[in-house]
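I've put the structures underneath this note.
Heads up, the next two complexes both have chain A, just with different partners, chain B and then chain C.
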Partner chain A sequence: MKKNKSIVFVLASLFMLTSMVGDTTEEGDKLIGVWEPSNKKVKVKIDKISGKYYGKIVWLREPIDPVTGKPKTDKNNPDESLKDVPLKGFRMLKDFVYAGDGEWNDGTIYDPQNGSTYSCVIKLKDDNTLDIRGYIGVKTFGRTDVWKRLVMKKKKK
Partner chain B sequence: MVKFFRAIALIMTSSAILVSCGETELAAMKTQQIKIEVEGPLFEGVNTGTFDFNFQDVLPEGKQKEAVKEALLKSVKIIVDTAIFPVPSSFTLSLASPNTSMKECGFLNEAKLNSEGKFEIKLAKDQDFLSEVLQDKSQTIVIDFNIAEDWYDNYSIKAEIDWEIKLKK
Partner chain C sequence: MNLKHWLFIFTLAPLALLGQEEDEINYDDFGYADDDGAKTFASPKINGLSPNRFINVAWDVQSRYKAEFSDRTGFAEGEDWDVNESANINYTGGLRLNANIPVVSRNNIVWQMGANYTNTTFSVDEPAGAFEPILTELNSKSLSTGGLFTTVFKPLNEKQFLIFQGQSDYNGNYTFSDFHSFGLTKYSAAVLWGKRPHDRLQWAIGASRTYRAGELNYVPIVLYNWTGKKEKWGTEILFPAKAHGKYWVNKNNLLMFGYELEGASYHLSGLSFNGNSLELRRAEIRPRIEWNKKLVGFFWLNAQLGSRLNYSFNLDELRDGKEFFRGFFGDQEFAAMSRLGTSIYGLIGISFVSL
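Showing the complex of A and B:
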């Protein structure tokens, strides 16, 4: 009888653990989608690769470089050999891990305008709004931008 | 006396260089062939294909990751069946692992097929970051490709990756 109770206890614990892991993944995946920063210069698609979250530029308000007449590239990249990487498709958000409570951390944000990479934390304010805080060293000394989710409009029947 | 110490220093430096050179052997170039199936539908613009692997499987038989002194990407060629799939206009190649940051390793703008009918990626000159990525427990190759039209089926990409691996003796 005691043995049966132990088996039930173990199975129940396993079930609870599995559902908790499932919930965390589901919560973390709320970040997936297409987002627009407050300056509306780009649209960034966030997706998940091998358990971490990444955001790539999928749309640019000004896709063509006025100087070269060609699609914009990452001309401020500190690595000389990567200055011609196309900005469309560039991953400006990297390596975010869901920490729970609507927050993703351990990631970085890249600013293509100056070629700098900052530590970054993302907070989900509501289902369609993110607080993106870029900082150097300590979170206190940083800047927060508000990003909005792009929601597909349903066609009128 | 100063001359004596200079001579000793010179001998010690030379010995150190000789020892460090002697510690490394160049393994044969290894070619890794991968196939990525990207689940459709794909939309116009930049799409992503990923391939998870363990760098251990690329190493010569009997060699462990810990024995790798240096590894470099020497060439990456991408093969797309252009008779079936929309032809990408650009590619970006990145590498990621669980405990390191994803890094861009190469790209190709205004993609054109080479004489072998493959897209040859321009690789980053600075590949110092690779050692840390390749020592991790697993690795992910990320290929971003830009297509000009929507594609409603799965999309298939193959790649030939040439690694130059230097091993500790």
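Showing the complex of A and C:
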């Protein structure tokens, strides 16, 4: 009888644990999707890879560099070998981990306009709005931008 | 089917399909999940702007120069005066600290608070004439400026913005153990309205109350920050306070060339003419070349080399200890006049910046 109770307790604990992990994962996955910064210059698709969240540029308002006449590349990247990498497809959000309470941290955001990488924290304001704060060292030295969720509006023909 | 086939179906095949599907997605077809998107506001920056200094520590030094002083007191604006005495000023220089901390920094408003401290030490040979007590005082003490300031950048929409800047300065021959009355704190302010037509241009017009020319004045101001298409050449102008051309040698090196008008009104405690307290109206124009170099991460070096042209080093009496406004057309007399010879100056500093 005592042995049965122990088994029930262990199973119940495991069930609760997996439920909790499941809830956290589900909450964290609210970040997944296509988002647009307030300057509306790019669209960024955020995916989950090996438990972390990454965002890549999937659309540019001005895809052609007016100086070269060619598709824009990451010309401001401080790494010479990456200057020719196309901006479309570039991973600008990296390594975010869901910390609970609608917040993702430990990640970085890359600004292609100046080639700088900043520490970053993401906060879900509502299901369709993010506050994204890039900062240097401490959050005081940073700037917050508002991103909005995008969804497919037109159906494929 | 063997185990390998099943492994492919359950692992690699969905990934392959996912990649194929992503290639076919037309992101033009995406719209906002709720009613509308985030409102777009004008950014306080443009592409290719010089690094924004959060914290700066610098040392400024001037080469030896000759100074000439009037012999009596009481001079009308623009009046000629005779040199009574002259002296060599062997050393002029000191520490400069500046901190500019964001309080609120969002896309719809940026509010920064800051503090600055500048100390100028003098070493004068044989002080003489009406300036003798002042120069003796400067030899033993120094001139200091300590200030608090705030800047608000408020975008009105995608193109237009307002800038408000307010500053209070406590200037004089004080030391940290010997503060003066705060009654002579100087207040400056500026308001600008401007436009940011595209990512490489912002301009604004406005007005300011300023001590940049040494004494209190009210002047119109023009801001014009522009960067060329290739993001190599550009301008950073806040006329009349400063105007620079710039050239980005590469992403880690920026050259700037232009001028800055620097000045302040210093209360000289313990000194008086005719029983009235004295203000030293000090201002100088600095044509220069500036080199900004990335050191590591967000730490940058800035080095300036240029000429220091005297604009004002004159004395005003404060009747009943009250500040007054002379402006460009006032007829209040100066207490005493001086001319400082031109010198070469250099400045070197380290900054913690944002790009």
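Everything that follows uses one rule, which is that the second predicted complex is superposed on the first by the 153 of 157 C-alpha atoms of A that agree within 3 Å, B and C clash if a C-alpha of one lies under 4 Å from a C-alpha of the other, contacts with A are read in each partner's own complex, and residues count from 1 in each chain.
FYI, a residue touches a chain if its C-beta (ideal position, glycine included) is under 8 Å from a C-beta of that chain, and two chains touch if they have at least 3 such contacts.
Values in this document were obtained by computation on a predicted structure and should not be read as measured data.
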item: First (chain B), second (chain C), both or neither touched by A:L150; value: second
item: Which partner, chain B or chain C, touches more chain A residues; value: C
item: Touched partner set for A:G142, first chain B, second chain C, both or neither; value: second
item: Partner chain in contact with A:T73 - chain B first, chain C second, else both or neither; value: first
item: Which superposed partner A:K94 touches (first chain B, second chain C, both, neither); value: first
item: Touching partner for A:P86 - first (chain B), second (chain C), both, neither; value: first
item: Contacts of A:T129 with chain B and chain C, given as first, second, both or neither; value: second
item: Chain B versus chain C as contact partner of A:S116, first or second or both or neither; value: second
item: Touched partner set for A:V58, first chain B, second chain C, both or neither; value: both
item: Shared chain A contacts, counted only where both chain B and chain C touch the same residue; value: 58-59
item: Residues of chain A touching chain B in the complex; value: 47, 49-52, 54, 56, 58-59, 71, 73, 79-82, 84-86, 88-91, 94-95, 108
item: Touching residues on chain C, where the partner in the complex is chain A; value: 22, 24-34, 37-41, 43, 47, 54, 101-102, 105-107, 110, 199, 229-230, 251-252, 298, 352, 354-355
item: Chain A-facing residues of chain B, complex; value: 45-46, 48, 50, 52, 90, 92, 94, 96, 98, 101-102, 104, 107, 109, 122-126, 138, 140, 142, 144, 146
item: Chain C-touching residues of chain A, taken from the complex the two chains share; value: 34, 36-40, 43, 58-59, 66-67, 76, 78, 111, 113-116, 127-129, 136-137, 140-154, 156
